[in-house]
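The structure follows.
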Amino acid sequence: MLNSTDGENVSVYFYNDSYFEECKSHSVEDCLKLKPAGATTWINISSIEDVKAIEDVGKKLELHPLTVEDIINKGQRPKIEEFENYIFIILKMIDIDNKYEVKDEQVSIVLTKDTIASFQEDPIDVFDLVRERLRNNKGPIRKMGADYLAYSLIDAVVDNYFVILEKLGDKVEDLEEELVINPTNLTLQEIHRIRRQMITVRRGVWPLREVLNFIDRCGSFLINDSTRIYIRDIYDHTIQIIDAIETNRDLLSGMLDIYLSSVSNKMNEIMKFLTIIGTIFIPLTFIAGVYGMNFNYMPELKEWWGYPASLVMMLIVGIVMILYFRRKKWI
Amino acid sequence: MLNSTDGENVSVYFYNDSYFEECKSHSVEDCLKLKPAGATTWINISSIEDVKAIEDVGKKLELHPLTVEDIINKGQRPKIEEFENYIFIILKMIDIDNKYEVKDEQVSIVLTKDTIASFQEDPIDVFDLVRERLRNNKGPIRKMGADYLAYSLIDAVVDNYFVILEKLGDKVEDLEEELVINPTNLTLQEIHRIRRQMITVRRGVWPLREVLNFIDRCGSFLINDSTRIYIRDIYDHTIQIIDAIETNRDLLSGMLDIYLSSVSNKMNEIMKFLTIIGTIFIPLTFIAGVYGMNFNYMPELKEWWGYPASLVMMLIVGIVMILYFRRKKWI
Amino acid sequence: MLNSTDGENVSVYFYNDSYFEECKSHSVEDCLKLKPAGATTWINISSIEDVKAIEDVGKKLELHPLTVEDIINKGQRPKIEEFENYIFIILKMIDIDNKYEVKDEQVSIVLTKDTIASFQEDPIDVFDLVRERLRNNKGPIRKMGADYLAYSLIDAVVDNYFVILEKLGDKVEDLEEELVINPTNLTLQEIHRIRRQMITVRRGVWPLREVLNFIDRCGSFLINDSTRIYIRDIYDHTIQIIDAIETNRDLLSGMLDIYLSSVSNKMNEIMKFLTIIGTIFIPLTFIAGVYGMNFNYMPELKEWWGYPASLVMMLIVGIVMILYFRRKKWI
Amino acid sequence: MLNSTDGENVSVYFYNDSYFEECKSHSVEDCLKLKPAGATTWINISSIEDVKAIEDVGKKLELHPLTVEDIINKGQRPKIEEFENYIFIILKMIDIDNKYEVKDEQVSIVLTKDTIASFQEDPIDVFDLVRERLRNNKGPIRKMGADYLAYSLIDAVVDNYFVILEKLGDKVEDLEEELVINPTNLTLQEIHRIRRQMITVRRGVWPLREVLNFIDRCGSFLINDSTRIYIRDIYDHTIQIIDAIETNRDLLSGMLDIYLSSVSNKMNEIMKFLTIIGTIFIPLTFIAGVYGMNFNYMPELKEWWGYPASLVMMLIVGIVMILYFRRKKWI
Amino acid sequence: MLNSTDGENVSVYFYNDSYFEECKSHSVEDCLKLKPAGATTWINISSIEDVKAIEDVGKKLELHPLTVEDIINKGQRPKIEEFENYIFIILKMIDIDNKYEVKDEQVSIVLTKDTIASFQEDPIDVFDLVRERLRNNKGPIRKMGADYLAYSLIDAVVDNYFVILEKLGDKVEDLEEELVINPTNLTLQEIHRIRRQMITVRRGVWPLREVLNFIDRCGSFLINDSTRIYIRDIYDHTIQIIDAIETNRDLLSGMLDIYLSSVSNKMNEIMKFLTIIGTIFIPLTFIAGVYGMNFNYMPELKEWWGYPASLVMMLIVGIVMILYFRRKKWI
């Protein structure tokens, strides 16, 4: 799913229906020199720490200083901004590690008439499928313009959300099982942790919804009508993702309730058992105590039947208490 | 309520006021050949796994590739999309099994000028009543056009929600009774499970409301004014369903509170009883312990009245404690 | 407050400023024959089970089939619908029994240029005051048209909400008192039950608010400007009702908190007292146990002061513990 | 802060920049006879039980019957209504007693071109400052028209909210302190009671916000542009009041949490201590019990060191348990 | 981060691209006399208690009396108001002390064609960076007009929110750690206190968002298009801040749950252990009690094996109970 572009941060792709060429380099200038006429260009900068490259692209595409600043500073919120000559989109690409810790990576996309520039926080990305479709001329991607490429990139990011959510969903199910078998305080912390991951995912996808809605409604001369219908499709996907997140959050909330209830149930059960044991023996011990008194005149003590009688009495008391508890459904 | 169409996935119905014919086959082409002039056509594909048939219909009705994709992929959200030459609607038909587990099935409807195509996730459906009305020319269905058929199909789906909700409502009442008689940890899990089913139902009907509202407000050349009033009627139904769901969810929340409170009440009652028993005997055992001491000079031990006096003392202490507890309303 | 119209389901009233006549019958036709020129007509059907009468009215006033269907089926939501020649309004009239169980009854009103038809779920209604005002020509009712009569009917329904709410409010106060004096698990269930009644009331009045707002804003040729100001007045009333419901619900929520807290406080108090008693005697019993040991060489046992000394020691230990508990504010 | 106008319910004030006269009477007519040309008139009715006076004003200013009805019936919600020839405003003036119980009093204001009429539920009001400014020609009040006077009255009402809120805020702080020092079940009830007062205050100010917003946005020929900016100023004040209420409610919610947690903490601490005491003595009592057994052949009993050894053993067991509890951080 | 301007409350800065002069004084007049033609002027009043200076500026810039009043009264809400000849903005600058107590300071900004006036609640501010950029002609600040300076000031305020939030975030992390290691009732109070600080911060930034949105959307002749894009940038920042606050609040809520659960877990663990100890010894003590009875005919007492047998019996009972508890997973 993820791909690392080694060392050289600049990749440029030129293509049209009949033509495709790619260039990998340290310098944007080097690659752009190769640009043929009538080709759509995709410039991909694979690390936002390569400030030089970003500024080169910024100069080339005449980006506003604030746009360049936004690209360089991570921690932005997904958003879309329309400028006179380009559209600027920020997305959150998410990844998940073995401990189900969600990490988000900022991806900025600049769309001009015939060029797309994309900037990644780090070289790991989800765009391999797009690259492959470009190289092999699969699907309509090379027949359509820069706006369709923008759609393809956003689509790749959104599809990845489904993958991550599925993994989180599996974890939620694991937790649900753990909850039934052996709930511990760790389960509780895990539930809270996964809920937090859900929130992280939602924080990435929620504003994305608005971004896509904005493209769909307000339009722009940079986006063709034929592409707009694809945008609406991703928009539907983001709503599905949000639905799934809400369902999972609801599940997790319910699990919190069940956890708390089952932990206290378990504890109460123990306490009850122990208290019952104690309670049965207390009257018995009292009887034993009575016949342990040293009064001179205790006639029962002198009789041969005294001892067995006292034992029988204890037995009866014990059985009566047990029966009483049974009838009250306490044991 | 549900019906299975065996093996052959394609059913086509041609009808107008005076004419009706149906065709069942493996191939869409085979049936459509039979189409007479001036008839409304309803194509029903009973399994979205029959990709071939779906694509045939797609080609025939000139559907957008994304529409076909949406039809094939389940997990869509109910929605409506207007295209130049057709309206595309996705619905969720729901079913419930014996364990009150709600399952949703995706139904896609394509409405063109004189043709309707419907696509079901699996052959089980709720459209039998519509078919029967078509065959027997009951009601206005054969007098009106394709848009009225679309309404009839949506109406059948929505009416089924009422049936399912009633079943869930019965289950809620059962749970309420169980709660009063014998609440267990299982009751809690059951309450949470039914709440989840409610959420599933709501997830099906909530976006449906928007879909219907959209049809009612924004209109389309494909929907006649006389049909629009029927759409408003289903819209009212969806709001009634949502109301019923909210009421049930509120009930279930209240039941959670009562469950937690009654479980802890029951436990507290037990603990209280047991502690009281223990507490009454503790002073008595102490008295017995005192007269079990082996001091040489304990004058009471020598007297004939010592033993009965100690027993009486214990009795008095016990009675005083019981009276005290009574007065404090603890027992 | 409530009135029953015995057996004959159709009542028709003709009136204008100078004229009034009423007719009670089994048949709508019979009465309508009597209609004089220039009179406003009010047709009241007192049971929606009299389908024949409803359909007669439907034919007479040229109602849409869906309207007739809505009138017959109870379980509708309050709503308003504008048709070409009439306005159709559904209301919920509520009633309360001795157990504070709220029951709602559906009332449908059809308003045409000079005729009003009203349909009740059952003969019990709140319209007696309106009838009386018509008969006795009190207030402006006979001077104004059908729209003012519609207002009067809605007003009667809304005023009844205040009566019901007052009763529920009294019950809430009773519960509040019960909560302070002797809260039981039953109190909890009662609180939840009353909260549910509040929700029922709200479900009747909430959509009514929208209905009235719709009349006020969107207007209709059927409603005169002079009547509209009265509609705004009822609208204000519905908002007052909703406010009162919200306040009551808030009260009930707070009562739930107090209930739970006071029950657990009471229980904790008991447990504390009992545990303290136990704890004081445990060291004393230990001392008694020590001097009950049978060692040959226990010098204290031989002394004349041993017994009183041991008693004094127990007394001191007991007092010290009590003082310690006092200082810690535990007793 | 509050002022009572004794017995005579009607006060009328005539003023312009250079002129001021006031009249106090039982009859509106009596005063209005004195009206000079070119003066702004303020009619103040200090009790809504003086129906005669209210109806006189109603007739004089040509008020709609519903307006008069609204003035007479308390329990209205703050609102604004525009009529052809006047604006009608209902406000809630609030007061607080020593027990921090908030009471609201209805104030109705009618604004016409050159006359203001105000109606109070009872003679206590917050308008003294306005009267004084009129009498002494302080500030711009006598230079401006009736609309500015209306503003001044509303402003006086709103400013009073700040005073009340400050008192409630002080009480909240007191409760917070009480919570830390000695939380009782009474504290809980007090917290809930104050929360309810907050809700009462909010119910007065929340619709007021809409009222002012309405004046600001929709305008009216009766309100000059120069006055509108003052209205916006009160609008800002109402938002500040709502903010303060929300903050206080949040505080009170947090206090509920802390209350519940600290009560249960305190209880748990007691139970823990007591259980520990019990647990330490239980093994010791057991040892004493063993050496209290009456077996003939218990060699330890015969030895001179038996008694001290058993005491030492008990000491060791006790110390070991205490150390164990210490290490576990339980004591 | 913060700077104090000593004693003299008035600072005035004149600048354009090629020119810069600053003046510090007690009197506004003194400084404004120096104003050269064609320069932008920034008047900074560093204490709102210097009413004289504020009124001088008010007169100079022809401010509305209400504006001057708003500047002087702290406790305003962040807002923006457009007047004919100027824009008036109120902001909240926040500061945090060592105990993580957030304090807000009111800053008012008046923007006219070529002059900015800013008013601080106290001399501590966050504008040093802006001053430095002015003095050293860094960045575009001296090339652009008064509106850009306004942006710079707002930007400085907003950037400071990030700093404060970071500190609060660190504190939240500390609390989270404390929660795992050693949760006390103090931790709970601390969590609530930090939550309250979050609310204070949010109260400052939430209306700010609306203010900036207003500038961005509604525009004003006082704000150039080139500046508006910078405003949008701060707007994005405020949304990031709100997001961060929400995330932190969510974290804190989760921490409350974990706190309550872990405290009760810890307590339950203690209670369980102690009860188990008690329960094991209760039957043993009972056995000892039985053989401490003084019956004449207890054959076991006479046998040499009686004592060891009783000890062994106790051992066996103890072990059986421990094993039972083990199997039930209670210890």
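A, B, C, D and E label the chains in the order they appear, each numbered from 1.
The rule we apply is simple: a contact is a pair of C-beta atoms (placed from the backbone, for glycine too) under 8 Å apart; a residue touches a chain by one contact, two chains touch by 3 or more.
Bear in mind that the values here come from a model prediction, so they are computed numbers and not experimental data.
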item: Graph distance between subunit A and subunit D, where chains that touch are linked; value: 2
item: Equivalent interface positions on subunit C and subunit D, same or different at half; value: different
item: Rounded Å distance between subunit B and subunit C, as computed from the means of their C-alpha atoms; value: 26
item: For subunit B paired with subunit D, centre-to-centre distance based on mean C-alpha positions, whole Å; value: 43
item: Where subunit A touches two or more other chains at once, by residue number; value: 264, 271, 275, 278, 282, 285, 289, 292-294, 298
item: Chain contact graph, described as a line, ring, star, complete graph or other shape; value: ring
item: Ring topology as an ordered chain list, initiated at subunit B and continued via subunit C; value: B, C, D, E, A
item: Residues of subunit D defined as touching subunit E within the complex; value: 229-230, 232-233, 236, 239-240, 243, 247, 250-251, 254, 257-258, 261-262, 264-265, 268, 271-272, 275-276, 278-279, 282-283, 285-286, 289-290, 292-298, 328, 330
item: Subunit D residues touching subunit C - in the complex, by the definition given at the top; value: 64, 66, 70, 75-77, 79, 81, 185, 188-189, 192, 195-196, 199, 203, 256, 259-260, 263-264, 267, 270-271, 274-275, 277-278, 281-282, 284-285, 288-289, 291-294, 298, 300-304, 306-307, 310-311, 314
